[in-house]
Structures are given as C-alpha cells and as structure tokens.
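Below, each structure is written out as structure tokens.
Presented sequentially are two complexes of subunit A, the first with subunit B as partner and the second with subunit C.
Let's turn to the complex of A and B:
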C-alpha cells in the first residue's frame, strides 16, 4: 500500500488556472471552496522570520530594521559556515595599578570549518561576547542619501503639478487658467507609464520658489584613471589571498578583491511561509510561530481531507463510486489502458482510532460482493478493477478514472443554524485520478 | 538609510528593485545604498545537476514562464523575505531586451505574484541618475554583450545605440579554449594531464566555424531590431577553430571564477605589443615577458596549471579590432559620431562605465587609453571635434550602478505609482507598454472609455465644449 503514496504513481487532477496533475502528498484541500489546490494556485506569504542557527524568532518590524539579518550570528566570509565566538585570556593592565596585570577575557570569531578567524582581517578582539561586532559602513551612504533627497524634491514638484493639472481639467471653462496650463499639459501628457522614462529634468528648481532648496553637486568626471601597479605583470599571485567571485558577491557594497578585507556578515534569516487560497482567501497552511516547532496551526493537506485511495481518512461512513472515464473526456489524456471499475457503490467505514486496539469490537456488517471487494479492514478496502492495456508499448500503463465521494464539511458554521442541530449536509466531490501501474511484463 | 522611513511616515512600503542580468541578478530594496544580494541568474531543478539559466531568449513561453516563476519565487522567499503583494516592483532592464521576454516577466509578476505595479527602467538611464547629472555616454559591459547608449538631458538618444557581443560570455569561451589547448592538470594519481581528460565527460568537438551574421544576431538577442540595423559581420577572432568540451557543471563554476582571480588587462603599450605578437604582423614581433604561471586548485584534488601568457592575453579580445575595426573602445566613438553635434562635448566629458565586465583589473585605464588612441585615427579625427574624454566614478561598484539608480528612483514614492504600470491597467489591456510598440493605449482612455477625443485634442480648440 505504501507504493500508492509514492510520488508520480497516483496523480490527482487539480482544476486551477492551469490543469496540474500531481500526487496527493503535495496537494492542499480548501474546504471552503471544496476543491483541491496545488502549490501553484495558492498565494504564498511570509509568515515569520527566524535565524537558522540560533533559532530565534524575530518580529517582522525588527527584521525589516536589521535588514533580515540576525543580530547575534555571523557567517564566515570564506566558506559561509556559521562563526562561533571563542574566548581567550589575555593579560591586561589593571586600571588602578598599571604595573600589575590581570587576565581579561577577549572574544574573537572563528570558523570551525575553514579556520578563518576575525583576527585575519584585522578586527580587534572584543571584550563582550556578543553585540560588539559591527559591520563596516558603506562610504557612499551620505552621497546617495543626498541624491535621494534632491530627487524627492523634484518628485514632489512633479506630483504637485500633476495634481494641479487634474484640478484644472475639471474646470474647462476658464480660459485664463486654461492657457496657462496648456504648456504643461502637453509635456505631462507624454509621461505615460511604460514610455521611456523621461526625466525629472524638465522640472528644475525654480529660483526663490521654495524656502528650502536642496542642491546637489553633479558628480565630477575624472581625466585620468589609476593604472595597474607595475608589479602586477611580474609578481606571482598568492591565490589564497585573492577572493573568489562568490566570496566577493556576498558583500555587494564592497566586493573586495583581497581576502584581508573580507569582513563577516550577519547571518541571513529564513522564513516560514503560509499559504492562502486565491479564490476564497482562507489560509490553507499556517505554521507555528515558534521556530523550533514543525507543527502547523492550520494545515489543510489533501491527505487528511480527500479520500486517499482506498483509505477513508474521515470519521464518517463514506460512500464511494468509481466511474470510468468516457470516450472523449477532455481530462483523460494520459491513460493508455481501459479500466473496468466496479459499478456498485463502495462503502467505507469511518476512521476510528480506537478500533485497532479494541479486540472485542463487533465486526462491521457490510455485505460485500466477493467479486468486487477483496478485503476490508477498519477504514480500508481493497477492490478489484480490470485493466485492459490498449497499446503494446514499453512505457508504463496508466489508467484514469473518476472517484466520486461524499464529503462533510466540518468547518464550524459562522452562524448557528436556527433549526437546532441540523446535520451537516453532505456534498459530492468528484476527483479525476490517474494511476500508473508500471510496465507490462510480457 | 533614514531609520524611520516608511515606518511612521504613513507612506507605502519600500519598493523592490531587481536587475535581472544574464549572468547575475541584483536584488534589493529602494532607498538603500546597495543590493541585498547578487545571485547567479540560474535555477536548480531537483534531480538535475546542471543549473538552468533564467535569462534565455530563445526558449518557448511555457518553459520561460516556469523558469521565471521559480526564480522570482526564490528571490522573494529566500532572499528578500517579503510578501510580493505588498510592494511595487522596479525592474532594471536593457532596452534591447526582447518584447517576448519582457511580457512573460510581466505576466509572472502580475498573475503569479500579484504585485501592485511594475516599472521597467532602462539601465543606462538609471546609471545617469545615480550620479546626479543629466547627460552622459553610458557603456554597459555585461555578460552577453557590451551596449553603449548616450543619454542627453535625461533622454536616451536611441538611434545612437552601439553594441558588440564582447562580454563575460565571450571571455569565458576564449579562456576555456585556451585552457583546453595549453594547460595541464595535476591530480592525485597523475601529473601533466590535459584538461578534458581529467574533468570532461565525453569530449565532443564542435568546431565553431565562421558564425553567420544571423546566428550572431540571434545570439545577442537583437531579434527585434535586426531589421533596423544591418547585422554585423562576425569578428575575426571567432573564426578560429576552437574545440568545445562538455565540462562538469561544478568545474564550470570554478572555471568561471578563474578569469576574475588570475587574469588582468595590460595597459596600452603592452597590450598592443601582445596583439602584434599574436597576429604576427611584421614578422618579428616580440611578445613582452609574460606574467608568472599560476597553480589554480580545482576542487581540492586537482591543480590546474595556468600558463602565464594566458593571464594577460585572454582579455585582449575586448580591444582587438576585428575586420570592421570594432572593439569595445570604438563603440564609444561610433556612438558619439551618431549623436547630434551640439551634444557631443557634454557626452564625451561624461563617460559612465557600468557592468560586471568593467570591473576587470586594468579595464578602465586601458579603455580610456584606447579611446584616446582611436580618436586620432583618420576615421574619427575629422568627424569628432571633441578630444577630451572624462570618466565618472559612480557611488557604487560598476555592476551595481544601474541597480543603484533604480533604487534611487524607486525611493521617490510620490511619482513611482503614476509612472508604473499598475495591475489594473495590465488586467484591462493585457499587455505592457513597450518603447518599440506605438499601439499601447494611454491610460486616460482606458479609464474614461466614453470620452473621445482625448483631452489634448479638446483643448486645442478652445471654442469647443
């Protein structure tokens, strides 16, 4: 029976934007829409952030501030392994009595995998175990911030003129305002989305219009560029000193060529994802907040809801009808064999966790046609189908048919029904199943 | 970065800025000083060892869609760690990007990830923005090609574009050929083996004969413009037979680091001497003393001995002039010649070089020297009056400059919304406006369907109601 859980042997058809066939273990079941959903037809969302090495959960506001990096853990810049903090005792003079020395603890970072240490790049040992290590700043930060401020001013200007233009359009009967706006109108008309971005240059700052004008110096171009050092042609390379491309790209702001400038970076966080059905916007899968827990708060996996072939996962008695695919069924594209499924309705007992342990339980009394039903055990049933391969080919024999079963929606009703306890209505679901039976043995 | 930006100001969340290059993708957030991540533009399918390049222009839509979807999914949920639905997107693109690729990318963003809006920003224009100037001649030395586009008063001079398929890809190919021919590998068991026997699978030799103009046009993704510009003749260097070996993908990655770590570009005099010796013009040209050999470790067991002459000569292909006398340096001058006369001085004194290939040691110095040499040639001497060339140094590494410009633009929340293509507009029209397609409807007529003619026409006749 385990073979039916293996991927690609039993495929269920999912009706989404595209028709996707995938095994039940990768599908979700939205019980509000009563439909199967695959990973492609749900929307993924970021649920929570956590650090992979210290497993500490980080609230999203803090994660945004720290640029999605853990405050305590570092990555080795050489091999990307997690760095560990090591302590040594160094002699240091006492503050009150310089002649006596006492042992003080000094901390440094070291990689257990490639033996890199923070002393290799010249970072001084710190006196606190954590919180002392800083990443170097980008030297261009100030200039970039000034540029952003300057352009924001131009953007504000553009927005004001755009708003004015919108207002002006509502009053077409004022010729004065009209002719004044006419010039602006033609120019702003051309700034449609998607057209090549014309600049904000047309909106140069007018003199004396604003109290606070932010002017920037345009960048100065240089006549000469530094040439390569002369010894570059004759000096043998010390390859471990030269960083590889991957090491460089891990630090996009600096991209150092020499290994002595590779500073460790804080460890990047990972996320837990939650899934949401696109149609009804209900959550299909929501993980636990705690990073160490692998359980889910909500998990509407298809295996728990949809009939697993031959096994009834729900607690009610379920009636199953199997219907073969008709000729010309548009969903039936893969089958290479004709299948004769039992025409009678099959009844499956409900799942009862205690039944395995209860030896005195009465055997369930279903009259089974021995031609159809091979065996029955608690909520499982085995039945016969006849398969007639249509083609002589080397590939696998694939059959497809439709399973029709009843399903009771156990989601709590939003409004209690007024007639008292009306039993939940059963709805009938139909799934298209493809079963790969393996190659024909001659 | 301003600490409380976006948190209490009541504005919208910062936009996501993505520069999807052929070799590497730079991704991050608007308003920051550098991208958060620079990752290879590849996806890894389970079960397959070889990674698949995401930026391919010749595959069918289905496959491209699923590759892009997986890549962008990884970008959002492994690197950026934000919800796609909340933030606007700024995509830095090359203006020569084929429309088909652009449309598929837009579809992935809008249909699969449901982003609120998308803005396609030309990389050359964004480079200008990162400097705070209005005009400049921007050269993007990337992986597939080197593309020059002048920008004057923040408007790209589109007819003056120039490009050559000389970039990281060409260098890799040349280097692989040279390594296979000339270098040996020492492994645990043996010494002096040739490269293919040690790391190749089954060596198959496909000789690259003269590449037809059509092939080179397709290869560079110039499909949409091939009618406008006559296809270029293939350069001399590619007519040489070179043997192509299937290399194990792990080795391929290691070898891709090799030129970055060991090779460099010589200065002008030395470079010219190397070229002379190679083509043996004049018969007795002496090659200058090569730099020392390097022992380059591959995967811990094998050591590749890289010969000295390879280290300084492989990059010369960027500056060797082919049959049409085109090289990376001549592109600048050709573009200048095509520009209007009164713009040329402003452009030549504001050269901006961006792109990963421009980070090679010695590139900028050699480029300036070559330009100054070429401008004295008769072809340009009479055409160009301006002889002064100046180079800018942007506040970011050359491979991140275009990204930085996009990040600066993306931080302008007042106008980002109005300049982007919103999801509603895309759902209504089903397409994204493109500079080469004039039939996109303006947004006003999309919303006010009953109003014809458009407002401009109305105003032209002020007596009309």
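Let's turn to the complex of A and C:
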C-alpha cells in the first residue's frame, strides 16, 4: 500500500493558503467544509502537558508554574537521556551508638547511556529515593524577578493607554473586562496578525488594585573585567572536562564551561496538541487526556474519508472518474509525463468488513471492461493507464491527474426535511493527485 | 589444531566456537554461540571474564598480509580480568586490560588498546590507532567520549549465577585437568 511503505509516491494537492502537495497519510479531511487539510492550514492548540518518562499528566497552570518541567524526572546533563535512581548500601553509624555501623540505603542518579552519575559533579547521595534532588539556584533570580515585575507593570500601563485611545475613537462591541479576561483565546483576538504579544499583560494586576510603583536600578557597566588566567594559552586542555555547546546551552542559567559543574535539570514536558480547521473552527484531531493512551477522541484523518489509490474506505458504492490534466493547468507543475486515463467511470464497491467471512455472499456484478480494469477485489480495483514520458533524460516519471468522486457526508447535521427521510445527498469532490512512478530505465 | 587450554573453574559451553591456541582463565564464562578465533596468533584470556552470545574475539591477520607470507610473527592477544563482552560485539584489539565493558554490537579494531575501566558503548565502532585512557566511556552515534569517575564493577553476581545455571542446560567443554564436570561453587 503506497500509503504505508512508500508514502511519497502519491501526492494530493491541498488548496489552502499555500498549495501543499503531500501524501494522504499526513492529511486531514474536514467533513464540514468537505475539503482536505494539511498540517499548515490548521491551527495547533495545546491540549495537555505530560512527562515523557513518568507519563504523569500535569494541569496547564501547574506546568506554567514549574516552567514546563516534571517534578520527579531528571535529564542527564551529558547526553540528555533520562536519569534513573540507583541505590547502594553504605555503612552508616547508628544514631544511638556511634561505634556500630548499619547498612543504610543511599540513592544516586545515574545515566544508563553515558554512565554519568550524580557523584561526578559532587552531589551527595540522598537518603530518599525521590524528591531529594534540587536544582542549584540561579544567582541572578532576584534581579530577574524584579525586572519582570517592573516590565509587567509597564506593559499593563501601556495597554490601558492604548485601550483608552480606542475607546475614545469608537465604541467597542466587546466590554474591556471581557477581552482582558479571555485574552488570546477568542477568535477575534487571535486573528489579528499584527497584534503585539500581550501575554505579559495577562499576568499583571487587575485594574483598580493598588499598583506599587516599582523602581529598578539600571544595570551598571563595569570598566574592569576579570583578567584571563596567565596560563590561559599554555595550559594543556583536559578535553573530557570541556563541555560541548549543546551541554552548555541546555543550562542557560549557568552555561558551565567545565563538565564537573554540569548539574542535572528536570525533564521537559511534552504536549498533546489538538488540530482545528481554520475556516469552520471544528476540531479535526483531539487526543485522549490520559498520557498513556494513544487513541483520539476525534480523528478525522484523510485516509478514512478520501479515496485512496483505488481502495474505497467508505461503505457505500463510490463512483470514480479520472480526468487528465489539461494543457496549461495551473496546478500541473510537476508532471514529466503525459498520462491517458480511462475515460469511463469506475465503480468501486463499498468497504464491507464482514465480506471476508461471508462465503455465501454473491459476487458483485460489475461489468468491467477488460481493457480498463485489471482486477477487482472487494473494495479495491486495479486499472490501466498509459504513460508517455515527455523527457528523454533519466529522471523520475511523475504524472498528475484529477480524481473526481462522490462523497456522502455521514456527519451532516440532521436537518428537518419536509419530504420525510431523504437520503444523504452526495457531493462530488475533485482532488488533484500526483503519482511518482519511478525512474526511467534505459 | 591445538585444543583450547581451559582452566579449571571456567565455564565454556560446547556450542561456542573456539579455534586455535586459546587459553581461558578460571571463573570465565563463555556463552554458547560465542566465537573465539585465534588465527594469526594465540589468545590469552584472563579470569573472571564474561563473554556473551555471538561475541567474536578474533586475532586475525592484518589486512594486507596473506596467511602464507613468511616472516610474519604471530602476535598474542591478551585479555585481562573481569571484562564483559556483551552480545554481538566484535573485538580484534590486541591488548585489553581489566574491568572493561564492551557493549552490544560494538566493534573494536585491530589497533586499539583498551586500558582499564573503559566502556565502549553499544554499536560504537572504534578503529583508531590509539590507547584508550583509563575510565573512558565511549557512547553515542558519534562515539563521544567522557571520563567517568568510577570504574565498572566486576560482575561477580552474574558470574556466580551463570556458573551455577549454565551447566544445567548446556554441555561444557573439558577443562585442562581432565575432569568433564566443571567445578561447582
């Protein structure tokens, strides 16, 4: 099946803001707009946070507080693998009788991949298995917090002034308090492409509260810089001790130059995202809340709705017409060969899961022209096309054509129809398909 | 072909392939399907080593020398004590010290010399011409290196367990003293 093993052979054209050609397995199908959607024409939203190693869910507010890091798991500062806790028995003196020693458990962190241990940086073994490990404090935390507070206040003041100007010009149809409370979540606020980032303002104090005047001291420029050590150029480098750029930048607080100062950091959280069609605002993909579950609550993948290369995924009989691309078709830019598709309409039987087991079922009687149809099996069909390569040189032969098929929207809302129960109407969808047939063999 | 000199106390399974002049020290365990091939010279393996399945320890001729060339002296391959050769590794290094761990599918070339306490990570190919300093860890797809502060512990628990269990399920090769049953702890 081309969709699983060679995904790039058959490309479908998606009409979005940009024309994107991609295989069907990476596309979604919005059944409210009846159009294909690719990852670039949907909006991505954060659904939930979870830790990749302990699979613990974390509510978004807590994640923001902990800077999107897990509380229990650590990353190796050397190779970024997950650290595991190991225990050793060490003799420790009894609190009652200092002369006798008893075996106590001591825990240390170790990496299974690069064999880094917490003892390498001088972190003492802890007596509790989890929760005893602390990240070292950033010496500049206080100054940074003060700066953040000051700028939050400034941002809020500027926002108030801006809103006051807007109020003076025209009456907003949305009250001010409403827009502040919901921030960037509403459609109107999101679709303003030029809007500045007002996330800082969202965190600031509410109107009407006493605002403390926060003054900050400007940073002082120093004339004297600490001189380099004298043997800077002559001292031989201990290469294992030098940290790589990646190791250094993963700890932006300290950026240690020596490997003996690399402390482990808490593990970064991952997110589950949900996809939303930008035109009709319906959800295309919504994952489960539980981090251990890989299923989806809503998953409108194109493979389940749109016809694959002649395998019919839906359960009704589908009629397919193939139309070659005309000369001068603006979407036909990649084809290097002319293709002659069968002009007749092809009929595909519906997908029937029980057909494999039902031996008494009558074979469906479709009259197939043997020149056109090569074989037919349940909901699949094989047909012939003629390809005339246009270019002489060695290259990939790519053909493009349009598939036109009927689609019944099973999820359409039930409209009260006056005629009783009319069957769901079929709409005709046209997709532009590009098929890569492989290189020309001389 | 000379048979292998297996010291008493070593556990060498019959399904392992040992060719050439190979000496195996006591308390060494050689799993089935391990291959120790001494083509271009003898191999001397110390005690307390653990050689797992499909490991290949081969003392082969250098590439541009044919086996029939005269004047080529046989070089001895020496392997120290307490080393671990994990599943599927290939070692052609002529000198290996003590307490090293060669992880699965690692590949050691002919010109490498391992000292003590080194760990060659899984799937790492080391075919440079150098002496690896002590306590070095080679890991990652780019064979990054770092020095660790502790050397890997000798696998005494594992060795004891295997020396009890393996004879229950496999036949053993005969040891030097002529007894066909291995010495049990």
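Throughout what follows, the second predicted complex is superposed on the first by the 325 of 442 C-alpha atoms of A that agree within 3 Å, B and C clash if a C-alpha of one lies under 4 Å from a C-alpha of the other, contacts with A are read in each partner's own complex, and residues count from 1 in each chain.
The rule is short, and it goes like this: a contact is a pair of C-beta atoms (placed from the backbone, for glycine too) under 8 Å apart; a residue touches a chain by one contact, two chains touch by 3 or more.
All values reported here derive from a predicted model rather than from experimental measurement.
Chemist: For A:115, is the partner it touches subunit B (first), subunit C (second), both, or none of the two (neither)?
Modeler: second
Chemist: More residues of subunit A in touch with subunit C or with subunit B?
Modeler: Larger number of subunit A residues touched: B.
Chemist: Which partner chains sit in contact with A:131 here, subunit B, subunit C, both or neither? Use first/second/both/neither.
Modeler: The answer is neither, since A:131 touches no partner chain.
Chemist: First (subunit B), second (subunit C), both or neither: which does A:259 touch?
Modeler: So A:259 only meets subunit C here.
Chemist: Using the touch definition from the top, say if A:155 reaches subunit B (first), subunit C (second), both or neither.
Modeler: After superposing on A, A:155 lies in contact with subunit B but is clear of subunit C.
Chemist: A:79 contacts which: subunit B (first), subunit C (second), both, neither?
Modeler: second
Chemist: Check whether A:91 is in contact with subunit B, with subunit C, with both or with neither, and answer first, second, both or neither.
Modeler: neither
Chemist: For the complex, which residues does subunit A have touching subunit C?
Modeler: Interface residues on the subunit A side: 78-79, 113-117, 119-120, 240, 259.
Chemist: In the complex formed with subunit B, which residues of subunit A make contact?
Modeler: 17, 40, 43-46, 49, 61, 63-65, 67-68, 138, 140-141, 143-145, 147-148, 150-152, 155-156, 158-159, 162, 169, 172, 175, 178-179, 182, 185-186, 189, 191-201, 216-228, 232-237, 239, 242-246, 248-249, 252-253, 255, 257, 268-271, 273
Chemist: Which positions of subunit C touch subunit A when the two form their complex?
Modeler: 119, 121, 136-137, 139-140, 144-150, 152
Chemist: Can you tell me which positions in subunit B touch subunit A when the two form their complex?
Modeler: It comes out as residues 1-3, 7, 24, 26, 28, 31, 33-39, 73, 77-83, 85, 95, 111-112, 114, 119-122, 125, 129-134, 153-156, 158, 256-257, 260-262, 264-267, 270, 288-289, 291-292, 294-297, 312, 349-351, 359, 361-362, 364-365, 368, 388, 390-397, 399-400, 404, 408-409, 411-415, 418-422, 425, 432-435, 440, 442-443, 455-456, 458-459, 462, 465.
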